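What follows is subunit A paired twice: with subunit B in the first complex and subunit C in the second.
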Partner chain A sequence: MQFLAVGKSVIRKEAWEKVTGQAKYTADISSPELLYGVIVTSTCAHGNIKQIDIETARSMPGVRAVITGDYYPILTGSVIKDRPPLASGKVRYYGEPVAVVVADTEAEAAAAALQVKVSYEELPTVNSPAEAIKANAPLLHEFVDQYQKSIPEVYPQANSNVVHHVKIRKGDLNKGWEDAEVVVEGSFTLPMSDHIAMETRNAMAHILSDGKIIIRTSSQAPFPVRKMISEQFGRDLGDVIVHVPLVGGAFGGKASVELEYLAVLASQAVGGRKVIISISREQDIASFPVKIALEARIKLGARRDGTLTAGEYTYLVGTGAYAESGPRMANAMAMSCTGPYKLDNVWCDALCVYTNHTYATAFRGFGHGSMTFAVERMMDKLAAALKMDPVQIRRKNAVKPGDTTPTQVELTESNLGNLQACIDKAETLINWEQGQVQYVGENKILARGVACFWKTSSSPTDALASAVVTFNSDGSANLQVGAVEIGPSTKTTLAQILAEKLSLDISRIHVEMEVDTGHSPHHWKTVASMSTFMVGRAVEEAADDALKQLLSLAAIAMVCAPEDLMVENGRIAYKDNPQEYIEFADIAHGYKHANGSTVGSQVIGRGSFVMPHLSPMDQETGKGKPGPYQTPGAQAVEVELNTADYTYRILKAVTVLDAGRVINPKAAQGLVMGAMSMGLGLATREELVFNQKQELSNTSLRTYKVMHIGQQPEYIVDWVETPNKAGPYGARGLAEHGILGIHAALLNALSKAAGVELDQLPVYAETIWKKVEEGRS
Partner chain B sequence: MLQMIDEGLIELNINGETRKVLVRPADTLLFALRERLGLTGAKPGCENGDCGACTILLDGWPVKSCLMLAVEAVGHQITTIEGLENPPIQQAFVEKFAFQCGYCTPGFIMNCQGLINNHPEADEATINEWLQSNICRCTSYQEITAAIKSVLQKNPA
Partner chain C sequence: MIPFDFSYYRPDSAGEAVALFQDLDAQGKKPLYYGGGTEIISMGRHNNVDTGAVIDIKSIPECGVQEFQDDSLVIGAGVTLTQIHEANLFPLLAQAGARVADHTTQNKITLGGNMCGSIVYRESLLPLLLTDCEVIIAGPGGNRNAPVNDIFDKQVQLNRGEVILQYRIPKSLVNSPHVHVKRTKSEKISYPLLTICALNSGQQVRFAFSGLCGYPFRSKEMEQALNDTSRPADERADHAISQLPEPMADNLESSAAYRQFVLKGSLVSILNELGG
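== the complex of A and B ==
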């Protein structure tokens, strides 16, 4: 099939705004009416607040208000309402917001913030997920079972630090162990880390005299912001208007409602005047949500030929001091717990637990990256125990149509894709035939490692997306959607889908970049690599709706039945004589007869989409359908290890994934490469370091290191395209997936090269050296 | 010599124009550009010199505007992303898909432009040395490297 716009590397619609500095993000407006909020944060990781002295701060120049947790005590959270936006009574992590100072200038607010004095009665801390479940562990939340739930499917355990427990019980585990000829076990640790979107979080709010709340924020979730603010402040949904312009990166970190509460509270405290809170990088890391920690234990059973017979998985998900979306990520790990392998006997317990650390929220991969690290290291351990080739054992167990997921969803070619084909391509691209380990010089080992992944979304079962297409009188079209442009070229990809459906040149599709909940059609939120799929379906429906209207107007103009007409290049022509046509421009705002009388009016297409047949996971067995389809893939890394000092250099990183259909190849390739880069950052350097008092010690980009230019390997991306029949033009989500298995592939290679088992992230030269020394002693 | 105790008016030469700007002695150049002149192409990413999102050119050399006081910029030629006149590096960033969210892009482009001006024949090591002062969290850097190389290669030797 020949496509007009789909499958083309269309330049993103906002490209020139972005390379000229004209692109406007949330904090890129200044105005004399603005007041500035600065947050005072906790210096104690766990403690009762004895006293907050705001008097000095309140009397400083320019200060208009100082608010603390007592000002408007509410509890928030997208899964369970356990978090006050400003600490109330006690603090549960270092960096927790305790007060907000509002002043005429940011400098005045910052100066006054230093004068807010808080004293604490220190409490013992919970320092890791494993400590959280110890019998005598200090409790972060004394009444966790009494919090209001935001969704029914969350199961907090009274008098514990366990906020959620999800189970998978599939098949007969005992039979699985009986059938096993080899059993391997492993445990894995991943630290908390941070999203480090280049645009730090910021939000602006004001309240009109009639009660309307107007918010401008850097968010992936304008509609949830509207909903939560409307609930917490008692407004109609329509009386809360949320504007989201371009967002400077998010990676899941801007998918929950955070700073918006503080901006609204700050505005309320100064009579509704407009307040902006732009936080520093230090606060962005320490005070606002980060990536979960994970401690995992896996036990696998297999026959000698490599066939998996049993899998037992325990995932301890450290969500920090508050749940936010931690419980959902525990669900996500459980529902995909086996990795993309056929396993009939599965037992998984995923516990989401509190620790005295910065709380966590969604992070690229939504739990699947951490889970995949553990699973894919295990597959290499199993291969070693069986003396099998790591690629071969994956190929042997790769999930196929007819198999079922851990939540017992039946897999088809359409909803699964073709993992086998991904493995084959990745194997070739990494030159696997040259061997997993090669000695390439004195103290130099070149090693290769592989990993596979799969991911589906963990969306609410009623998550919906909509689109509206309006036509201009020149025949061009405007596309409005509720998805935010956070970077992945989402809106341009959607414009390509519309261009294809309307058979209209992409230059004639105009896309509104800003989302305004007052007029943008609804979208669940811009997360889970689901926007192309969900909004794309809505765009298709909106295009069909518009085309129906165009065809019926054209039929009047061309004196025939709509069925006699076809759409081609922004025109409508007779099927049997394409030389005779009418331009969209002549009917887009109604058709004007020669005598001037007009029939019809502006063509407006509407479409919406909700994923069918999703169901929550059963509390006892996990049975259910959390997501619509899988995106599977295979990854590989080539690394050179110096065995004299254990430094290493990553030479090549490969991802092959089944994208169903690639709508914009260069944009998609960039997403997968960027995700690989982030994954290699997690593998090699990224971690939040808490000291003995659980104070976060690396809150700047000088001490929290990310990948820099020149450190990158050669990135190679290739596709398999097995159509997802539910997706627009067959597309599957792909924006997160490059991150999922790349750290495992690297550690599989390094473990092999160094002859030790590297089961925790990140891996420094020192980590390898210590392991080797341990092995020697 | 400039003497200031509280707020005062200074003159800055920005993008070829002389602009009068009211600043405090402690205001950074980044602050003055963004909050006083509406030149928001330079972005705050860390305000600590670690990320390069606020990079501008000072007398043709890349400088992190968060690490410089506005008063220190008096007497120098400042170029911000808004002052570029369609140099090839912008086109190269577009063609090579060298950005996603776009937040770090003005800083990267200004640094690249400084490199192109000062080392038109820069080799890979020089490119890396220069651009290591900027962070991009969306791309893999492979795209940015491709963009800068495509411009450097077009330059006459």
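== the complex of A and C ==
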């Protein structure tokens, strides 16, 4: 099939704005009426607040208000309402917001913030997920079972730090162990880390005299912001208006409602005046949600030929001091717990637990990356135990149509894709035939590692997306959607889908970049790599709706039945005589007859989409359909290890994924490369380091390290395209997936090269040295 | 955003700078001499700097010099690490400076500032320690000269109100065989797990270190051990390590044990390269 816009590397619609610096982000606004909020944060990781002295701060120049937790005591959270926007009574992590100072200038607010004095009675801390479930662990939340639930499917355990427990019970595990000829076990640890979006979090709010609350925020979730604010402040949904301009990166970190509460409270404290709170990098890391920690234990059973017979998985998900999306990520890990392998006998227990660390929220991959790390290291351990080739064991067990997921969803070619083909391509691209380990010089070992992944979304079963297409009188079209442009060129991809459907040149599609909940059509959230799929479906429907209107107007103009007409290049022509046509321009605002009288009016197409047949996971067995389809893939890394000092250099990183249909190849390639880069950052350097008092030690980019430009290996991205029949033009989500297995591929290679088992992230030269030393003694 | 106000001065002479300092000090302004400003700005953001006035030394003519004069290479305290790297008159210094922070920051950081700031690593100081260079200092009592190893001993040994104008480096040493090693935890641009500068003066190999202890240093005892040609390189390295001036640092960059492993490997390879 020949496409007009789909499959073309279209330059993003906002490219010129971005490269010239004209693009406006949330905080790129100044106005004489604007007041500034600065947050005071906890210096104690777990403690009762004895006293907060705000008197000095309140009397400082320019200060308009100082608020603390008792100003408007509410509890928030998208799964369970356990978190006050400002700490109330006690603090549960270092960096927790305890007060906001509002002043005429940011400098005045910051100066006054330093004068807010808080004293704490320190409490014992919970330092890791494993400590959280110890019998006599200190409790972060004394009455966790009494919190109000935001969704029914969350199962907190009274008198514990366990806020959620999800189970998978599939098949007969005992039979699986009986069938097993080899059993391997492993444990894995992944630390918390940060999103480090280029644009730090910031939000602005004011309250009109009629009570309307107006918010401008850097968010992936304008509609949830509206909903939560409307609930917590007792407003009609329509009386809360949320503007989200371009967002400078988010990676899941802006998918929950956080700073918006503080901005609204700050505005309320100064009589509704406009207040902006712009968060510094240091506070963004320490005070606002980060990536979960994970401690995992896996036990696999297999026959001697490599066939998996049993899998038992325990995932301890450290969500920090508050639950936020942690429980949902526990679900996500459980529902995909086996990795993309056929396994009929599966037990999984995923527990989401509190620790005295910065709380966690979604992070690119939504738990799948952490889970995949553990699973893919296990597959290499199993291969080693069986003396099998790591690629071969994956190929042998790779899921196929007809198999089922851990939640017992039946897999088809359409909803699964073709993992086998991904493995084949990745194997070739990494030159696997040259061997997994090669000695390439004095103290130099070149090693290769592979990993596979799969991911579906774990969206609410009623998550919906909508689109509106309006026509201009010149025949061009405007597209409005509720998805936020957070960086991956989503809006341009959606414009391509519309251009294709309307058979209109992409330059004639105009997309509104900003989301304004006052008039943008609804979209659940810009998360889970789902925007192209969900909004794309809504755009298709809106296009069909518009086309129907255009065709019926054209039929009047051309005196025929709509069925006799076809759409081509922004025109509607007779099917049997394409030389005779009418331009969109002549009917987009109605058809004007020669005598002046007009039929019809502006063409407005509407479309919306909700994922069909989703169902929550059963509390006892996990049975259910949490996501619409899988995106599978295979990854590989080539690394050179120096065995004299254990430093290593990543030379090559490969991702092959089944994209269903690649709508914008270069944009998609960039996304997958970016995701690999982020995953290799997690593998090699990213971690939040807490000291003995559980204070965060690396709150700045001096000490929290990310991959920098110039340090990346050669990135290779390739595609398999097995159409997803439910997706627009067959597309599957792909924005997160490059991150999922790349760390495992690297550690599989390094473990082989160094001859030790590397089962924790990140891996420094020192980590390998220590393992080697342990092995010697 | 720096949440406090301060005055900025840019005097044209050393005398003016010193007089300003005394005056501002008397007013209780807690003045600071200002080189590239990278630390004052970044620490000011966190209110970790307490000053009401900064005195920028970059317009003092002596501070901007970078040239050979008689038997010396003279480098002003206000010359940036980038300028030193580009001129490359003292290759070891050029190399060491080019691994302090990132390039954008190197455009700002000055030789004097890197020595006198508060971040403890001061890696561009190491080549200066190796040359025993002379430091020209202006102060309330006029100018004075002193050997760099006296001016820096664990920390900068200047009297209140004094400012470094220049370094006079023996020309005979700037092209000596040398090695620069910087090892970090993982990232190229980072604080050092260790940095070693070594220079073969003709008589012996001199060593200066950063990252091993709480301050950069050159140790006579370690140099003696490392130059003991009667023993093989790895014994010399072990002996030198036993002479560290204080226990090996154990911090975010590395454990003490791994640091020792890396140090030993680096020393052996430097000895193999520079002889001694």
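Just so we're on the same page, the second predicted complex is superposed on the first by the 777 of 777 C-alpha atoms of A that agree within 3 Å, B and C clash if a C-alpha of one lies under 4 Å from a C-alpha of the other, contacts with A are read in each partner's own complex, and residues count from 1 in each chain.
FYI, a contact is a pair of C-beta atoms (placed from the backbone, for glycine too) under 8 Å apart; a residue touches a chain by one contact, two chains touch by 3 or more.
What you see is a predicted model, and the numbers here were worked out from it, not measured in a lab.
By the touch criterion defined above, A:645 lies against subunit C but remains apart from subunit B after alignment on the C-alpha atoms of chain A. Judged by the touch definition given at the top, the superposed model places A:702 against both subunit B and subunit C. Looking at the shared chain after the overlay, A:21 reaches subunit B, while subunit C stays out of its contact range. Ranked by how many residues of subunit A each touches, subunit B and subunit C are led by B. When the two complexes are overlaid on their common chain A, residue A:424 makes contact with neither subunit B nor subunit C. Residue contacts after overlaying the shared chain place A:512 against neither subunit B nor subunit C.
In the overlay built on the shared chain, the residue A:689 is in contact with subunit C alone; subunit B does not reach it. By the touch criterion stated above, A:107 is placed in contact with subunit B and with subunit C alike. Once the two complexes are laid over each other on the shared chain, residue contacts for A:403 go to neither subunit B nor subunit C. Residue contacts after overlaying the shared chain place A:179 against neither subunit B nor subunit C. Overlap of the subunit B and subunit C interfaces on subunit A comprises residues 107, 280, 702, 708, 711. On the side of subunit A, the complex with subunit B involves touching residues 9, 11, 14-25, 27-30, 107, 196-200, 246-251, 278, 280-281, 486-489, 666-667, 669-671, 673-674, 676-678, 700-702, 706-712, 714-715. Of all residues in subunit A, only 106-107, 110-111, 114, 280, 282, 644-645, 684-685, 689, 697-698, 702-703, 705, 708, 711, 762, 764-766, 769-770 touch subunit C in the complex they form. Here subunit B touches subunit A in the complex through residues 24, 26, 34-35, 38-48, 50-51, 53, 80-82, 84, 90, 93-95, 97, 99-106, 109, 127-129, 131-132, 134-145, going by the rule given at the top. Only residues 1-4, 45-47, 183, 185-191, 252, 254-255, 258, 261-262, 265 of subunit C touch subunit A when the two sit together in their complex.
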